[in-house]
Every structure is written in C-alpha cells, then in structure tokens.
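By letter and in written order, the chains are A, B and C; residue numbering begins at 1 in each of them.
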Amino acid sequence: MPDTSLYEEEHYPTPLQATWSEFRQRHVAVVGLGILIFFIIMAILGPLLTPFEPTTQHTDAVLIPPAWNDNGSILHILGTDALGRDMLTRLFYGTQITLFSSIITVLVALCFGVILGVIAGMSAGLRSSFINHVLDILMLTPTLLIAIIIMAMLGTGLTNAMLAIGLALIPRFVHVTRDFVRQEMSKDYILTAKLDGATSSALFIYNILPNMVERLIVQGTLAISVAILDISALGFLNLGAQTLMPELGVMIADALSTAYIAPWNILLPGLAIFLMVLSVNIVGDGLRSAHRNRMSH
Amino acid sequence: MIRFHKLFTPVIFLPILWLSGCGPSHDIQQQHLSDSIAPDGVIYCSEGNPSYLNPQLDTSSTTSDVSSHQIYSRLLDFDEQTGRIQPALASSWLVSSDGLTYTFQLRRNVEFHQTEYFQPTRSFNADDVLFSFDRWINPSHPYHEVNGGSYPYFDSLNLAEKIQSIKRINGYRIEISLFERDSSFLANLATDFAVILSAEYADMLAVDNRQSQIDFYPIGTGPFKFDAYQKNQFIRFLPHLGYWRGVPQSAQLIYDITPSSAIRFAKLVTGECDTIAYPSQAEIDVMRATPNIVVEEEPGLNVGFWAFNTSKPPFDQPIVRRALAMAIDKNSILDAIYFNSASRARSLIPPSSWAYNSSIKEVSYNPIKAKELLNQANIPAGFKMTLWAMPVVRAYNPNAKRMAQLIKNYLAAVDVDVTVVTYDWHAFRDKLSQGEHDSVLIGWSADNGDPDNFYRPLLSCEAIPSGTNRAMWCNTEFNALINAAIRIPDVDLRASLYAKANNIIAHDIPLVPIAHANRYQVKAHSIKGLSINPYGSIRFENVVKAPKVQQIDNQDGRP
Amino acid sequence: MINTLFRFLNLTFITLCILVVLSFALAYFFPGDTWLNLFGAEFIQDQPTLMLVAEQTNVLMAFWYYIQALLEGEWGVSFATGNALYPEIMRLLPATLELSLYAITIALVLGIPLGFIAGMQYHKKIDNIFMSSSMVMYSFPVFWLALLLILIVSLQAQWLPMSGRLSLLFDIPHRTGFILLDIWLSDVSYKQAALYDALQHLILPTLSVSFIAFAVFLRTTRRSVADVLQTEYIKCAQTRGLPSSTIFLRHVLRNALLPVLPLLALQISTLMTNVMIVETIFSWPGIGDWLIQAIYERDFPAIRAGMLLVAMVVVVMTLSLECLSQMIDPTRDRFAYARH
C-alpha cells in the first residue's frame, strides 16, 4: 500500500501500541476485556453503593431466593444466605477481596520472580543450577500442598493463602525472565551496550526490561486467573479466608449446608468466580495472540 | 491446507472404540447373572465417630447410638411408647418392702455373639451381670482402669456409692442392695449405659493381656454383632443369628459416618443412605416435601442451654450471669437456629416432664437493663469472654456455631467482646471437663423419663468431677433438694421439691436454658420398623427394608 | 540414551534428597516439640541412644536417625489417631492414584485427538468452537464444577451417587487398594454388581477433574500442531506433493506430539491439586482428603508424611515424563516451560 501520509515522518507504533491494535481486532478479546473492566469497577465501586453491610445478619430475612423467584423480594435482589446476609452485597465485597488479593499476589510474585530470574539468567554454574533445582521442585509441587505447608507453619488466613500462592507462582515468572535474559544476552544490542560500558543492572533496566514488559504482562494476566482459582479454592476449603470474610470461595463453602434448599447461594458466587476467571483468560489469551502476531509480522 | 477429512474418522472413532471395549462382555453377562445382584442391608448415615464401642465409658450419644441397642442388651428396657420399664435380660424382678434390695431373675438361653475373634462356650448367666456391674462399681476390679477408668454416666449419678452390694444368688439370679431408697434406680438400669458385657470374653482377653480390646472389638447379646470399623468411614454390623428376640431382618447394618448434616440429607435423597442422624432443622420442611422420604416428629426430652463457668470470675457473680442472660433474645435465636421446630425453654425441664412447673419466672430480653447490671458489677466495656460452641449436631442444638455467632452479635450490643471457640468433639469435651471455658453452648438429652436425669448430671455438685456439670456450679440448697427428692417415691411430693429447685436455678442462672427441640426421624420410604426412641438411642433390631431388585440389565436400578 | 537416563536418575535422586531435607526441616518449623514431631514418643523410647542425642540436640545426628526411620518404614505417628502413618498413607494412596490415572487417561484420549483436529483446522470454524469451549471449560473452578455436578446429577436427577468409591453394602477386602482391581481379584458372589457400582461412583469425580485437564490438553496439542504446520519442512513437503495422510502420519504427528509431552507433565501438579480438592467434595478416601483433614486437625506428623509422599509421587511422575521426552527428542530445550 503506498504511503499517503502528508507528513515527512512515518509513524512507527511502539510495541505496546502494536500489540494493542492487534488485540483490538479480535472481538472476543475486547468483550473479555469489557467483562473484566466491569468486574474491576464492581469491585471498586460496589462496596460503596450497596445499602447493606456484608456481615449484617437480617434474622428476619433468612434464605430468601433471588428476586426473580416467586418467594424473592426486591429488597434483596440476589437473595440472602442462611444467616440473612444479603447476597448482592457479599458478591460485591467478595469480588473485591478475591480480585484484589489475586492481583496483589501476582504483582508481588512477579517482582520476586523477575529479580530471581535475572540473578539466575545472568549467572551460571552452581548457583544457577541450585536455583534451577529449587524452582523446579517448587513448580512441580501441587499448589495445594504448598498452601498446606504454609498453613501448618503460619496458620490459616487470607494473607497466608496469598503468601502460599505467591510462592507457587514465582517459578513461572522466573522462567520467563531467565529464558528471556539468556536469550537476549547473546544478542548484538546487548553486546553494544556492554561495550559502551553499561553495568549489569543498567543493562537490565534500560535494555532488557522494556522488551520483557509485554511478556510479563501476558504471563501476569494468566497468573491472575490461576491466583483467583487458587485463592477461592483455599477459601472454600477454609484454609485461606476464614468463615467471617465474604470471600467467594468461603461463601460457597458456607452455602453447602443449605445446598438443597437454597442452591443460588452456591450458584451465584461460583458464577462470579467463573466469569472473572473467564474474562481474565480471554484477555490473557488475546494478549498472547496479539503478541505472537506482532512478533511474526 | 491439508485436507484431512479422510483422517477425521479414525482419529475420532479410535478412542471411542477403545473406551467401548471397557464394558463387560456379553458372555460374562450370560454366565454370572447371579453376580449382578447387589447385597442387601440398611445404611444409616451417622454424625460422628464413636469414642468406644461400649456406652459405659462415654455419655456421648454418638457412642450410644452405635453400640447400646445394637451390640448389647440391658437387664431392663424402656418401652418406647409408654416409657414404662420392661424386662430384657432380666425376665422378672422383685423389690423388697424397704426399697433397698432388688432381686432380678435372669433370662435363660440368651446367646452371645460368635465372631472371628471370640467363640462363646456358654450362654448368658449371672457372672456376666456381675462382671458388667463390678467393672464400674469396684475401683479395684481388674477391668476398672481399662480404657480410662471413667464411667461418666454412673459417676455423675454417684451410682457406685449408692450400691452396697451385688450378690450372685445362683446362676440366674442376682441381688442388688442399695444404701438408701432410690426411686430412679430401675430407670437407671434401663438406660443406654447399663449394658451387659461378656465375662467369658473378658477372661479370654485378660489371659492374652489384651484387655483394652473389650471396648473396641465388642461382644454382647444384642441383635447385631460387630464386623468392621474404619474411623471416619463406616461401621459394619452383621445380624446376630442367635439373638434372643429373634434374628433381625436386615442382612447387614452399616453406619456411614458423615459429619455434615447437609451431606447426610443429600445422601438420603440420592439413596446412598436409608435413614439419617440429626437432620438439620432448616431442611425439615424440604424433607417433608421430598417424595420417598418420610419425616416423623415427636416432642423431645431434651434441653439446649448456654452454661457459664461459675468457677471462673466474673462468672461466679449471679448478677453478671443475669446480665448476660438478659442481653440475648431467645425468640430470634429459636427462629434462626431451630426454624420453629423447638419450643422456648423456660427452665431446665421440658414441659413434657411431670416436674415442669409453668410458674417459673424466666429472664426476658432487656439489653438496657443488661448493660446496667454489667456496669453495676464493674464489668468494663469491651470485656472479653469466650463462648465455646460444640462442633457436632445434636437435637437440642443443631448448629451451635451459628448460635454462637448470633449470641456474639447480641453481646456486642452490650459491649462484651465474645470469641467463639470450638474443637473436634473429643478434644472439646476433654477441655470442657478441665474447665477451660468461660461459657459453653451445649445441652442434654434425657436417658430416662425421670427428672432426676436432668438435674443430677447437669447441676449437682458430684457431677463436677465427672464433667457433665458444665456450669461447674455447686449449690448446697439445690443439692439437698434433689437428694431429698430422689428418696421419695410419691410423684407429687417430688414435684414440689423440684419446683423449689427450679426456682433456685431461675434465680441463680448458672445456665440459660434456650430450647427444647422436637425429635425428628427422617428415613426413606422403604424403611419400616424404625421409630423414635425418646428414652435412649436408636434401635435397629426391628428395621426392615422393602426389597429392591438391582440388576445390571436395568438402566436405573433405583426405585 | 544411557546418558539421559543417568542424568534423570541423578536429578530424581537430588530432588528426593531435597524433599527429605525439607520434610525434616519442617519438623523444626511446625509448632510443637521437634523430636516428638519427628519420631513419635514410642520410637524415641525404643532407642536409648536417641534419648541421649535428643538432649544434646545435634541436628545432623537427628537427620541421620530420620533417614533411617524413613527407610525402615517408620514415618511417624499421627497426632489425631495415634496410628502409624506409613501403613495409613499406603492404604490411601492407591485411591488417589486411581482417580488421577483415570482422569489423565480420559483427558489424554479425548484431548489429544481433538487438539489435532483443532490444530489442523487452524482458525476455521471447528477450531474456533473448540477454542471457545475449551476456554470456558478450563475457567471453571474445580470445586464449583464438582458441586454443580452433584447438584444436577446426584440430587436433581438421582442418576449417580455422590460420595465414596463403593456402596458400603459391598464388602470387598482390601488387596491392592485400586478398587476395580480389588473387585476383580476378590471372590465375592456379587462381583459384577460391585464393578457396576464402583464405576458409577467413579464417573462424577473423574469427570470433574478431567473436564479441566481435557481443555488444557486440547489447547496445548492444538498450539503445538499449529506451530508444526507453520514450519518450513511441512510447507516443503506440501510443495513436493506428498499426500496429506503421509504428511500427517510421518511428520506432523510425531513432531507435534513431542513438545506436548513435557507441557503435559507440567499439568500433573495442577491435576493433583484438583484431585485433592475433588476428593474432599466427593468423600473419596484418598491422600488429598486425608491431608486436608490433617491440616484441619493440626496433625503435623501426618502433614509432613503426606506432603513427602505426594511430592515424591508428583516429582517422580513428572521427571519420568521429562526423561521420556528427552530420550525421544534430545534436541529439545529442557527449559521451554514458558513457551506455550
């Protein structure tokens, strides 16, 4: 196609902009992003808008079905649970807790993972081999097992669950970083920078990191979906968030005792988790495809 | 692009063919048609693990439900309908005129269980009765200390001190002498706990130095003999072919141990259990509406209460206890926890007992007055206390944890900060008997129709060491009243004494009675012969299951 | 070949050593008395030298005794039940292995062929259908999926049972621990009914676990196939005019399967987590359910022993798959985890 721009300069999109335009072309991915943004907004604004508190027990309004059911009431649009707590409110707070704790966990894991990956990638020999072994074991151990060990040492609770899952997520970031660093170290532009006299850290921060950001975003997004699933699973098993918190997994576990009479108490929180994970997966998949497409053009 | 539709077919069908080879082949079906009939039996979803397979050692209804009426028989039994005492292993009895001597004539030709670990050489006789009683009466009996040496039910009633002697008159006659008259003695012999063990088995174990086995691989004269027990999984019983009341009609009896009441209900719906223990009150209405499930209801001889540890300050001050009692609204607790399947308890004794008097003044919900009283007693705002909630389901309290949450909310309104504590059932009761609690949500189901069975184990001074007096409360006036009442056979006189005792409890508030629950029995339509036993634990000896044919040829083998 | 085998054995041995050290170290990190944690009271009393050493708290000696105990089969005593741990774990492990095995098999048998189809029809309609459905499938939280299956299949429709491995009316003696094998080997009169019943109990748990694993395997295979189809040598074979079946069978099949193996090996740990969660929901008497009960009861020796065993099993399974793929394709870069 002939260049018909009026100006002398040509516009070269930055890698991120290129990825974003690729991403935009896939409609599914955009829809997924829309759903994800909806959840994020719900998590931030929802708790401010709800008329009830998540822990208030309305003892006169116990086990009310959602409003579209015959026995439902418009006061509690999504019904109440066995202690009379409003379901919609709890869903908002629950989304907040689950989503934000997952994001925080992934961010922390990402930071540690990148640092470790850089050390592993830039070094060689026994130290890197040792780190590799430990990381491999960490990656091969089932997440639940790591969580159980941390719980046994430190006790249960949401923060300990986040710690455990963060530990389990670190290896994948280490791998991305280390592979990428190794790969880039042998390339010419790094050599040029070295010849210019750049120190290792400067090398990393100014040369390698910008190229890596995209991959990290892709990995991070996928890690968020894993973190959401794991945190809610640990909440469900009462190993993570405990019974008083309106965390989505905990809500499902609480609803088990009235499962036959009030199945919406299981369906709704589970649906929230499912949709959150689905949207994150769609976005992550879209980002990955976009990145791959950009690289192959 | 490669056209691959030629490859589509094998790639798709290969795995399907492979999987289809997994079914039983036609010839096998022809040959082993008898292989396809499933074994028969009754499955009962129970709520927990028994601590022992012998109810002498434990007052927990989990243990009694498993062993008492299944493995063992007693000298006497309660008639389920009338509550009257009936002969069991004792075919007849005489009471002397001074009420101090009881003579029992024992039934002949009663056989003990034959199992892999024990073959009896003789039938039941007086030696077995002597052994079973001496074990808990006589501290120097060789079997007294086996598996703990504590017999909570008998200890709480001080029964061992009350019995002067047990004599063997001949092979089928026993004479028991008491120190003082006791109108509830026969009733105590008919409770779940007064079971008869096999002396021959005990001797055999003693020779091999394996005495503790007597409570884990039990031998008795009951309708079912023990086959297998896997903790947290199941207990299997087989019918006792020589049972003196006639062989039970179930081919097997299985206890499927399922701690969660929701899962028990679910298993009843799917048919994996034929009858369940402790159905959740919330689900009773749903159960009534479910086809193929039968719900039976009866008012229960039980009480759920909130006991304060009166040995720990500040709970030793009656004013503090009264304040805390005023801070909670019993009616809303009743609605939220019992779902209207219980009646509000105004005293320890339920209305169905003859010792109940309706003129009891109970504490009403008054949080403002409660705060006043707390201030009067110099309890600071933000005072911390623990509330122990039992982890198991009982008729008198189907969900102690939830009730604890509700009470915590109420007490927060009067500036008391409650921490809810719970452990697994065994550890929970151990710690309670050590007195580690500030207050506890627990209750009591009567073992017999006698009101003494409520007062003595729960609030008498002697019951503190045996652990059943959760309030750790010892009031000499109260104790004297119940001791006096036990000696009088006249029901009206006893009732007036118990009325005074009720007033003392209402005034001193060592515990806050919350509810008397109805007892329910939920079972599948095909189960017959199972009824609610208000005076004890569950009895399976007459249970019959309507036959259902299960063959592989039928697509769904469930009725 | 011998080289890779040797390297694999070396790696497995080192990994097992690290796991044992970790398990030993945890005895210090877990609350409670270290020595009781490690050995249980009875073992200590049996070894008078151990009592002396215990007072001097020499870590290396403790470690040496610990290894001895492990090899003897003395894995400690449970706090909750007081029973020896090793026999209990060994009794429960086959149940978990059975469930994992069936789930992996179904996921592989369905996932790989369908992944091939999706890959061959890259970006066409069938591929898009597979992609969207598999994405939906692996976004399901496994515990929610299991509960939905119970609600719909067991409670509403009453087609399948919802707990246990076998109806308790069947008394099958425990021989291998694998329920189908045990029924086959036993000499009870109701063998066929028992098999039918066991299969009924197997369906829902296996379905819950394999649902998610199948979706992952499908996507992985499809990505690998798509990558292979883009390569030069396939295009070259096409231009040469080879029939599609030859191209598929000789080139695409093997080259696409190779990178899939190690990626699938990575899924084993996720699968294990899912199996453990599903075990608690379906009351499946396996290691996962037992471990989770142990953490509820704070039974530290049990947690350590269970953790050691599960980690060992997972590590051995994964590393053998690694070794296998290494032997088949020595040119593969071992650290290609990040590339999906």
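Convention: a residue touches a chain if its C-beta (ideal position, glycine included) is under 8 Å from a C-beta of that chain, and two chains touch if they have at least 3 such contacts.
The model shown is predicted, which means the values in this text are computed figures rather than measured ones.
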{"item": "Centroid comparison with chain A (C-alpha atoms), farthest chain", "value": "B"}
{"item": "Chain nearest the global centroid, as defined over all protein CA atoms shown", "value": "C"}
{"item": "Chain pair showing more contacts of the two, A-C and A-B", "value": "A-C"}
{"item": "Rounded Å distance, chain B centre to chain C centre (Cα mean)", "value": "41"}
{"item": "Centre-to-centre distance between chain C and chain A (centres being mean Cα positions), rounded to whole Å", "value": "24"}
{"item": "Centre-of-Cα separation between chain B and chain A, whole angstrom", "value": "48"}
{"item": "Touching two or more other chains - residues of chain C", "value": "155"}
{"item": "Junction residues of chain A, two or more chains touched", "value": "256, 259-260"}
{"item": "Overlap residues in chain B, where contacts from two or more other chains coincide", "value": "263, 266, 269"}
{"item": "Partner chain B, residues of chain C touching it in the complex", "value": "81, 109-110, 113, 116-117, 120-121, 150, 154-155, 158-164, 167-171, 189-197, 229, 238, 244-245, 247-248, 283, 285, 293, 297"}
{"item": "Chain C-touching residues of chain A, taken from the complex the two chains share", "value": "28, 132-134, 136-137, 139-145, 148-149, 151-153, 172, 175-176, 178-179, 215, 219, 225, 229-230, 232-233, 236-239, 249, 252, 256, 259-260, 263, 266-267, 270, 273-274, 277-278, 281-282, 285, 288"}
{"item": "Parts of chain C lying in touch with chain A, wherever the complex brings them together", "value": "14-15, 18-19, 26, 29-30, 132, 135-136, 138-144, 147-148, 151, 155, 266, 268-270, 272-273, 276-277, 280, 288, 291-292, 295-296, 298, 300, 303, 307, 310-311, 314-315, 318-319, 335-340"}
{"item": "Chain C partner contacts - residues on chain B that touch it in the complex", "value": "2-4, 6-8, 11-12, 14-15, 18-19, 24, 28-29, 32, 34-41, 43, 227-228, 231-234, 236, 252, 254, 256, 258, 263, 266-267, 269-272, 424, 550-552, 556, 558"}
{"item": "Residue numbers on chain A that touch chain B, as the complex places them", "value": "57, 59, 62-63, 82-84, 256-261"}
